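Okay, so chain A shows up in both of these, paired with chain B first and chain C after.
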Partner chain A sequence: MNTLSATPGILAAFRKYLRIFRVSLTERFAYRGDFFLGTFLRFLPMLTTILLWTAVFDGAKESGREELGGYRYREMIAYLLLVHISRMFSSMPGLASGIARDIRDGSLKKYLVQPLDLIGYLISYRAAHKAAYIVTSALPYAVIFGICYRFFDHWPDAITLVAYLISLLLAFVVGFAFEACVGMIGFWLLEVSSVLYIIMTLNYFVSGHMFPIDVLGEPWATFLKLLPTQYLAYFPATVFLGKTTGLDLTHGLIIEAIWAVVLLLLARVLYRTGLRRYSAYGG
Partner chain B sequence: MMRYVRLFRAFARVSLLGDMAFRGNFLIKVVVELLWLGLMVFFYDRLFDFTAAVAGWSRPQYFFFLGTYYLMESLIETFFLSNFGEFSELVRTGNLDLVLLKPVDEQFLISFRHVEWSTLPSAVFGLILMTRSILQLDVPPPAMAYVAFAVGLTCAVAMAYSFLLMLSATAVWLVRNQSLYELWWLFMSLMRYPKEIFNAPYTNAIGWFFTFIIPVLLAVNVPAASVVKLLDSQMIAYLVASAVILLFVSRRVFRRAMQSYRSASS
Partner chain C sequence: MPIVIARDLGKNYRVAEKQPGLRGAMRHLFARKYKIVRAVDGVSFEIEPGEMVAFLGPNGAGKTTTLKMLAGLIYPSNGSCEVLGFTPSDRADAFRRRFSLIMGQKNQLWWDLPAADSFRLHREIYNLPQDQFDRTLGELTELFRVEKLAKQPVRELSLGERMRMELIAALLHRPELLLLDEPTIGLDVVGQGIIQNCLREYNATRGITMLLTSHYMRDVEALCRRVLVINHGRLVYDGALEGITDQFGRVKLLRLQFAGPAPDLSRYGTVTQAVDRAATLQIDRSKASSILSDLLSQHTVTDLSVEDPPLEDAIARIFEQSATPVEAAIAS
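Then we have the complex of A and B:
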């Protein structure tokens, strides 16, 4: 008798997914050469973006302007640094395309014949990757933030920090559920790569990854803040910066949590509906 | 040589046939590509409402730079990026064996097997952007500037090709599971902006490093600057020299990697 069935219930389920977490963590470090090269190169765009914005604000100062979309120079740089932390939690490279591939080539059936839930499995797997990524990049990020400390006015107070942490953890769930939903499109369309491409491209723009949404001006800014994508990058960063406070902050967190639940449920509904159409191609 | 031209034409035709089999998909890719460039132009337009110049580049000059960048990116993506993207997978799965067995130069086969037609319209977008910028300039550029531009851009594409070749060759040693696209995208971030942004006390050294040691900063900067700013013949000469050296070195690195390749699976 195996250990999983010996302890039934929630505990067993938890252990099962914990084990997936551990295996995924080991897998991640098997390709460490590539992993570290990627981590190093990741800092290049950060540097060039900072330099570009410095040039933009230097130019603006000559024409007597200091604020763009409500952001002064130092806030803008701080924002762009913080967006990386948001994306550290919310980005899920390859999740949607992985699900779509499993559907297309028939390997999705491995979830159907085993006592394993697709969404449960994937979320454990992703959590492991995120944990590995966050742990290994903590030091380089600490160095970067250390060098760039002068862009930050003050360290946020304890309540803001707690709210920030919550917004990041929710960003992980929103990011996961969002990509999972996108991946489920694979049940209806055989070739999803182009749809994924559209969504991911737009996402970089609308999530506030490139610049604070407010820079676009009205009505764009208000519209983009209605979408769940703003929680993937924009919202957590503004929480840390103290730009979202008080009632706005509480509302923001509640809406983020609602999006997390809604998108997870949507992913599940799409999965269930999709399975009815699924015909398990391949051998 | 003629054989390779013929082969390339065949590759291009087969790729186009493949794309036309999934016309909807192809069309969407083109539209997204153009939509993205459009969004970028919208964004930079917004920036120039805020400032008159970025790192010494005025609005039309900056948009010319942007057009040059799009043109170069499109050429890279159309002709070889996707091929290098698949290379690491060939190494990981051991399917590279099939490439090595063919009686054709393996570097050629790996680099040009597939032509990504869907990114070619972006080149047109870049050209339109560049033309619009030139019309907005106060003083039209001299004819020599266009010659310098053509030479510079050719060298820049050759340099990008060499970098990509070396970057993919590392897959043989590192056994990559990560996409080369992502690495390349990070690398491109150095070419995306004018090199003058590095003119700050702490970053001068970085700018110098990426200009003279690893000359990526020259790629878009030199050709674009020769048309809308200043034609610096020394820089053009340096770009040509770097392109030639890099093509040579990258070929050596690639061959070295091929020697270390030890198939995989069964």
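Then we have the complex of A and C:
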């Protein structure tokens, strides 16, 4: 876009956003208390979901059913544990509301008067937060998965693991772009909190965060698998569990990558359109 | 060649007209009425390199809107402006590297990190060579006297210290033009003085062009030779600061200290203050010398000063004299 003689090109741009990444990382560690407390408390909901689904399956067993939506008890718990890993990559707390707030209170101007791109900036910032979070919660997660090893049938092979990692990295991009698009609503609506609340609550179901999408039955399961939201939680978990394999896996990854690009482009289009409106109606 | 050229620059805002009360709010949900407010209404001026110019005007006069158009944040509704040879609203990177905008009410520094981290980030954002960055930062730290503060988290700094850090951040890429919106807002007199000194010195050594808006006359008096007075979106005065007093100030202020209790002075003019032996008297400028000699011959005056009334008074008079806002109601 901005190919000026003063800009030594992509390398410089990369350095710029790498620096943002580093400063964001530094900032992340500045809130030590919140950081460790947040990391620790995030594991509590896991326990409650496991207890809930244990009760559900106990009830199902009494009526003679061993499976729910194609998931046996152990698979279900394994799935719910894995969803946390998916969300560790794809969740973007405060991203949409932060963009809307910047638009509303005028902080957006820093991206307009400085040679700095909002989307590039925010994605670097989020990547830093995620990196910090993932590194520091690796140990507690390892402990939890160690305790819960009996819920997993087998350790996936190397190719599945690589595919899983790719699906998680793409989940980060899809999650980022999805929330960025939602945040851009702030250009058109002054107060976005209720819209955000609805979208985020729906997302909890349709992404498969609460339970596997298959549990809903047809035609819902097929429909929800057409949406990009399934890549935020459901898809990576099924890859690890070995429920998505072969051609399905390849297709899934390709479609996830396409969604990542499409949503990023959409965020950019919304940003541009929104900026034109913002500049016309006042800042 | 002027660094800033504004030609017949104007900005209309569309604001929703809301009726008060619940019924009004309900009606507003379905049938909105808008009106057009001319925030800036055909303003023309030029600013030469190295000038320090102040924008004066009451709240809502259009100062900040003008500044935002010059910075490229908002598009003009009519007229045009050219800043550093660019059209600001194109937001070309080459343009954005050559100016800075500071808004006193907003902070750009990372709240929980030392300012030094924010500075380093600026180096990357503006792609500054390391040696140039080090040199500029050294000079600015010395000029703004903040050597010991760069390593403290920004949230622990006082407002005045933080503002100096904001200025450093804004000057790191050596902009040619600095747009300042209320740079000393909320600061005490000492804090204001420090910022003023820094800006003045920076202007003297670097020849940077500055355009500032402020509510504090002290800022304007300390920094700017030239003022643009804007009211209801129109430029009502463009010239030297002293010119305002000559043109609009018709009175002088006498501060008197008597040997005994202050006598009744109301026949000379308006007594604005009379406490014990001291009195302040506002008199017609043309009669100043005759009143003075009269006073001195009839009373024992121990101390005396003749002053121009505060500049605020003269400015207030300009505001009163200029036109009322232009509004056009439309329904949509």
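Please note the rule applied: the second predicted complex is superposed on the first by the 271 of 283 C-alpha atoms of A that agree within 3 Å, B and C clash if a C-alpha of one lies under 4 Å from a C-alpha of the other, contacts with A are read in each partner's own complex, and residues count from 1 in each chain.
Convention: a contact is a pair of C-beta atoms (placed from the backbone, for glycine too) under 8 Å apart; a residue touches a chain by one contact, two chains touch by 3 or more.
Every value quoted in this text rests on a predicted model; they were computed, and no experiment measured them.
S.K.: Applying the touch criterion given at the start, work out whether A:I254 contacts chain B, chain C, both or neither, answering first, second, both or neither.
M.R.: neither
S.K.: A:A138 contacts which: chain B (first), chain C (second), both, neither?
M.R.: Neither: A:A138 stays clear of chain B and chain C.
S.K.: On the superposed three-chain arrangement, identify whether chain B or chain C touches more chain A residues.
M.R.: Between chain B and chain C, B touches the greater number of residues in chain A.
S.K.: Regarding the shared-chain residue A:G59, is it in contact with chain B (first), chain C (second), both, or neither?
M.R.: After superposing on A, A:G59 lies in contact with chain B but is clear of chain C.
S.K.: Go through chain A and flag every residue that touches chain B in one model and chain C in the other.
M.R.: After superposing on chain A, chain A residues 31 contact both chain B and chain C.
S.K.: Please name which positions on chain B make contact with chain A in the complex.
M.R.: Residues 22, 25, 28-29, 32, 35-36, 39, 43, 46-47, 50-55, 170, 173-179, 182-183, 186-187, 189-190, 192-194, 196-198, 200, 203, 206 of chain B touch chain A in their complex.
S.K.: Please give the residue numbers of chain A that touch chain B in the complex, ascending.
M.R.: 31, 33-35, 37-38, 41-42, 44-45, 47-49, 51-52, 54-60, 62-63, 65, 68, 93-94, 191, 193-195, 197-198, 201-202, 205, 210-211, 215-217
S.K.: Residue numbers of chain A touching chain C in their complex, please.
M.R.: 2, 4, 6-8, 12, 15-16, 18-20, 23, 26-27, 30-31, 106-107, 109-110, 112-116, 278-283
S.K.: Along chain C, where are the residues that touch chain A in the complex?
M.R.: Interface residues on the chain C side: 11, 13-14, 39, 65, 68, 71-75, 89, 91-94, 96-97, 99-101, 103, 106, 108, 110, 112-113, 117-118, 120-121, 123-127, 153.
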